[in-house]
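Below, each structure is written out as structure tokens.
Both complexes below contain subunit A, partnered by subunit B and then by subunit C.
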Partner chain A sequence: MKKNKGFIICFTLPCVLTLLIMYLYPVIRTVVMSFFGIESVTADFSDWTFNGVDNYLRLFGSATYIRAMQNMLLIWVIGGIATLSIGLLFAVILTSGIRFKKFFRAAIYLPNVISAVALATMWIQYVYNQDYGMLTRILGFFGITGINWLGTDLKFWAMLIAFVFGAVGYYMLIFISGIERIPSDLYEAATIDGANKVQQFASITLPLLKSIFKTNITFWSVNCITFFLWSRMFSSVSTEASTVVPVVYLYDVVFGTKGNVQRDAGAGAAIGVTLAIFVALVYFITNRLIKDDDLEF
Partner chain B sequence: MKKKLMSILLVTAMTAGLVAGCGNGSGGSGGDSGSGGEYDGVELTYWSMWNNNEPQGKVLQEAADAFEEQTGAVVNIEFRGRDISTVISASLEAEEQIDLFEEDYNRIALNYADYVADLTDMAEAAGYADNSYQIFNDKATEWAGFLCCITEQPQVGGIFYNQDLFDDAGITEAPATWDDFLAACQKLVDAGYQPMALDSAYAMFFFGYHLDRWIGEEAVAELTTNGGWSDNEGAVSAAQDMVDFVNAGYLADGAPDEYPASQNSMGIDGDVAMVVCANYVTSEVNANSGTELNWNMFNYPAVDGGADPTGAYAGSNSIAITSYSENQQAAFDFAMFLVTGEYDQKMADTANQIPADPNNTAPESQNGTIEVLQSLDSSPLTWNMGLNSNADLQSSIQDVVIKMYEGQYSSGEEVTAALDALY
Partner chain C sequence: MSKKEKVKYKEKINWKKEVSLLPGYVIVLIWIVFTAAFLIWILGASLSTTKEIFSGAVFKFESGFHWENYANAWVGNDVASYFMNSLLYSVVSCTCVILISAPAAYVLSRFTFLGNKPIKTSLILAMSIPEVMIIMPIYALTAELHIRGRILLILLYIFIRVPFTTTYLLNFFASLSRSYEEAAAIDGCTPAKTFWKIMLPLVQPAIITVTIFNFLSVWNEFFMALIFASSTDTMPVGVGLLQIVNSMRYTGDYGGLFAAVIIVFLPTFLLYIFLSEKIIAGVTGGGVKG
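Our next item is the complex of A and B:
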């Protein structure tokens, strides 16, 4: 019995140690850092000065942080509704027995294979460009001119549309896997009972996709919180308020910006902690609101 | 017997190959290397902010090879790209094996000064003052308390223009005052040209320059930090000038556009005359549009009764040597090898930039830049002339400034009120 315990410890120790060193230590360090004034991320502990909750108070009073959170929430809510709805629609269509299913599935997923940098460049240079962009040309054909898609008023929405375009395929695949898991005899029975396709979707497909929704909402939340590259691409030289999101603000605070050498790793850690709390809240609320253990199939 | 003979032949061939191989190695590394070179056996690690496929990266590698041939010191270049600014701090704190690195000189002086060597004595012994722009050395020394870096790529900001369009519009002299400048803009419009390209990324740079001319950089920084824009007459006048400039139709079609669309229009459309930016804009436009414009440059015009009629933005990407490097002299010599003489000229010509050594010649795309750089007798202006002083509000201020260039405000008072609303 003792031998077995030794074996168990031997096998689990590397994993436990890795988890503690690679995950738990950075998490604890970040939380502790968020209460200190620290210039450089890797500064020695002796250079830290205790700030109490000042870093958090500073954040909540910062116009840029508030704007960044607003932008992130808009991406999460509006982008989330758009992405998950379109993803679900495509998934339902592709599992309804249409022809060329594999081709359409691959085509819709394709943006996920392409580098986000290339994708964002394509949208900025070839879709939104005021001189030769696709949207400008199409609207120009109908006599609508003078819309600056990348002006301060529309830039956020331009970025969001481009992001949703790139994200739909990923969530569609998860929905497809969920729909294909539903036994076909449920649909056959419903058809015999006289239910049409819409009724089948509302009464069978949607309820049985609850767990998939939970998964997708969690993935989407994490995706929104780590929304960095698209924001950087849509304001490439310096951060703009219309596209700023918390991780970009975090990056600027921790590493400084062009022409501004102020660095504050403590405030950066505080931003990280608030984002982690946001994810935890979303996960908790989603679990409370969407119960999937009442259905078995 | 046959096997033995074959073995002897093979061993002989291998030995001959080995000897020949060694012979080639020493011959390939040049006459000095391995035979009494000044830094035989020295290895330097160089973290570069360039990529190896960029013109600067290629010249850097050539210089490293030539330096090795001349002195025997091997320079191992690690091309880190622009992301060097996010990793260099941690690497320096961990005393990672780095002898030299490239970065923006204000970050070297203000963020990494504790980890870089004082180059004052080595610079004096090498006569560095005669091969560099003193303004950068003075500024770096003022910030760090000692000479902490060697200028590699000087930059200067102002108004860059297409000389051909100016000639065609009959503008014979570079505008020195805001009124002259507006008159030049009108001449360009009359000649069928669009005066000014502007990408939103450089909106703060344009407005920052104009604010500096009215109230000076220090006052701009003070307003940026604490607000009170509407109470400052100079700030209101600066904003009013910009509103009038936009209303007069002097911005190019679509400006402020998304970087680099508007500045590219100078080369692609060929009818846009000017852009307010730093000197690298010329090589960017040439490269992006596949053209060779007839570039020239003048300092940002002065305003009547303004606080700063002549200041100009100047900055530098520079080379620093780590304080813990065991080969500081060799590292310094390599830095000097790169930023003076032949390789500095090569860097300037290949990358279309201002040479770090004033004794070298600027390429045509940098016409006018040296004159502005040499005219600066005091501290150069910083990037965005104080508008970056408030890290928390920087992006919100930029939003207001871009909106101003989009024509969303009808007066200077509206602009300053919008800025004050941020505090």
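Our next item is the complex of A and C:
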């Protein structure tokens, strides 16, 4: 056993070092930073000035940040409902004994494997284009013209639709794996008792998917707080109020290159902490609300 | 033989059942036709001139196929450089991640020692920490140590994939039989040698799956690349494409833009065409905890 000691240390050390350097140290430092007034992210520790919860107060007093939080919550609630219900709908359809299931499943998941920058570019430059875009053409066929999808009013919703389109496939896969684990004799028994498909869905599928919902809601929340790329792509020149989200705000105050934004790494750290707390809260609440220990199958 | 089977199969179509599934077919098909339509249009546009794109004549190809769009994007828009950077980042980091994670996963799953449990828990915790919580200290630390350029992004991509890779491999090592190690020990093989020669090759399928995921993740990564790849020479495809889109306002070369989009998305798309079953099985296997 003694001989093994050196071996165990050699094999785990790189992994443990990664955890310490890449995760433990940065997380602690970010939390500490959020309580200090720091201008530049590279500022020396001696330049930090302790100012308590000032960073947080300043953040929540900033109109842009409030707008960013509102946008994020909209994405979380409306985008979440849309993504999870479309994902569930597809999962139910694909497990209903449909042909070409594997092909359909692969095609719906496809947007998840291609570069999101490429995907966003396709939406912005093609689907939403006002001159030759797909939506403009389709709506033009029905006599509706002149809708500027990328104008200030509709931009947020255009972005949300594109984002949901790309996200659905992943949640669909998780739902499918959950549905496939439900024993088929439950459905057979229900059919014999005369329950129709809708009743079966409401009384068997939905209750037994509880823990899958919990997983999906947690993943979706993490996905929403790290929302950055789509916002950046939909307002690539400068940050706009219609699409701003917390991470974009953080990027601007910490790494921003434009002169008019005051550098504020302390506020950036406070944003990070706020977002992490948001996810932890969601996780805690869904765990409380959805208990799966009473299920056995 | 196969023809006969096909005929028999066709006879078994239960039309009543198919009709009841019709709404399902329609909904799924609308979604997929939409996806296909816009991918095919992008492909068509990448072979057309800007004028044709604007006049709506994308699929007529009246002036022939404009392959030069690809050449222009590849050379003129620096896509070649972005592409090579992404390739370098993904290949090097995918290899190094395995070198760090596989030994750790092996030891963590097959030996009991002080700290085993805490390390496993920390790995899972690390996976759920949002990037915004770690990005600022990493920026300060690497600036202080003067690590910059390509090596910086490679290091970050390696570190960021370690928790997922290690956790993913844990179960596969745990499921191997003890008798391999016992036999190796009797023959006088050291634990380290047993790992490299016997145990590692046994989990090859899991290593391939996790490497596909790591590759997709690194290839498509955007946030860290935007922050840490400050110069054009070190940019990977994601940030490079953003750069091209932004410069479009001045050049107006839409054919070249769509060609660049195709070049960026083709590698992962091709990978997916050949490996979709493996990727999908990996998503559902790794994503759902009992």
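Here is the rule we go by: the second predicted complex is superposed on the first by the 269 of 297 C-alpha atoms of A that agree within 3 Å, B and C clash if a C-alpha of one lies under 4 Å from a C-alpha of the other, contacts with A are read in each partner's own complex, and residues count from 1 in each chain.
Basically, a contact is a pair of C-beta atoms (placed from the backbone, for glycine too) under 8 Å apart; a residue touches a chain by one contact, two chains touch by 3 or more.
Since we're looking at a predicted model, the values are computed, not measured.
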{"item": "Superposed partners subunit B and subunit C on subunit A - clash or fit", "value": "clash"}
{"item": "Partner chain(s) touched by A:L150 [first = subunit B, second = subunit C, both, neither]", "value": "first"}
{"item": "Partner chain in contact with A:F90 - subunit B first, subunit C second, else both or neither", "value": "second"}
{"item": "Which of subunit B and subunit C A:A269 touches, first, second, both or neither", "value": "second"}
{"item": "First (subunit B), second (subunit C), both or neither touched by A:F255", "value": "both"}
{"item": "Subunit B versus subunit C as contact partner of A:S236, first or second or both or neither", "value": "both"}
{"item": "Contact breadth on subunit A, by residue count: subunit C or subunit B", "value": "C"}
{"item": "Touched partner set for A:D131, first subunit B, second subunit C, both or neither", "value": "both"}
{"item": "Which of subunit B and subunit C A:T64 touches, first, second, both or neither", "value": "first"}
{"item": "Which of subunit B and subunit C A:R29 touches, first, second, both or neither", "value": "second"}
{"item": "Against subunit B, colliding segment of subunit C, chosen among 189-197, 225-233, 261-269 or 279-287", "value": "225-233"}
{"item": "Residues on subunit A lying within both footprints (that of subunit B and that of subunit C)", "value": "41-43, 124-125, 131, 236-237, 255"}
{"item": "Footprint of subunit B on subunit A - complex, ascending", "value": "39-44, 58, 62-65, 67, 124-125, 128-131, 148, 150-152, 234-242, 244, 252-253, 255-263"}
{"item": "Contact footprint of subunit C on subunit A as seen in their complex", "value": "3-4, 7-8, 10-12, 14-16, 18-19, 21-27, 29-30, 33, 41-43, 89-90, 93-94, 96-98, 102, 104-111, 113-119, 121-122, 124-127, 131-132, 134, 137, 170, 173-174, 176-178, 212, 215, 219, 222, 225-226, 228-229, 232-233, 236-237, 247, 250-251, 254-255, 265, 268-269, 271-273, 275-276, 279"}
{"item": "Sites on subunit C touched by subunit A in the complex", "value": "17, 21, 24-25, 27-28, 31-32, 35-39, 41-42, 45, 53-56, 58, 99-101, 103-104, 106-108, 111, 113, 119, 122-123, 125-126, 128-141, 143-144, 156, 158-160, 162-163, 166, 190-192, 195, 216, 219-220, 222-223, 226-227, 237-239, 241-242, 245-246, 254, 257-258, 261, 264-265, 268-269, 271-272, 276-277, 279-280, 283-284, 287-289"}
{"item": "Of all residues in subunit B, those that touch subunit A in their complex", "value": "85-86, 89-90, 93-94, 104, 106-107, 110-111, 199-202, 204, 253-254, 256-259, 261, 265, 382-384, 388-389, 391-396, 398-399, 402-403, 406, 408, 422"}
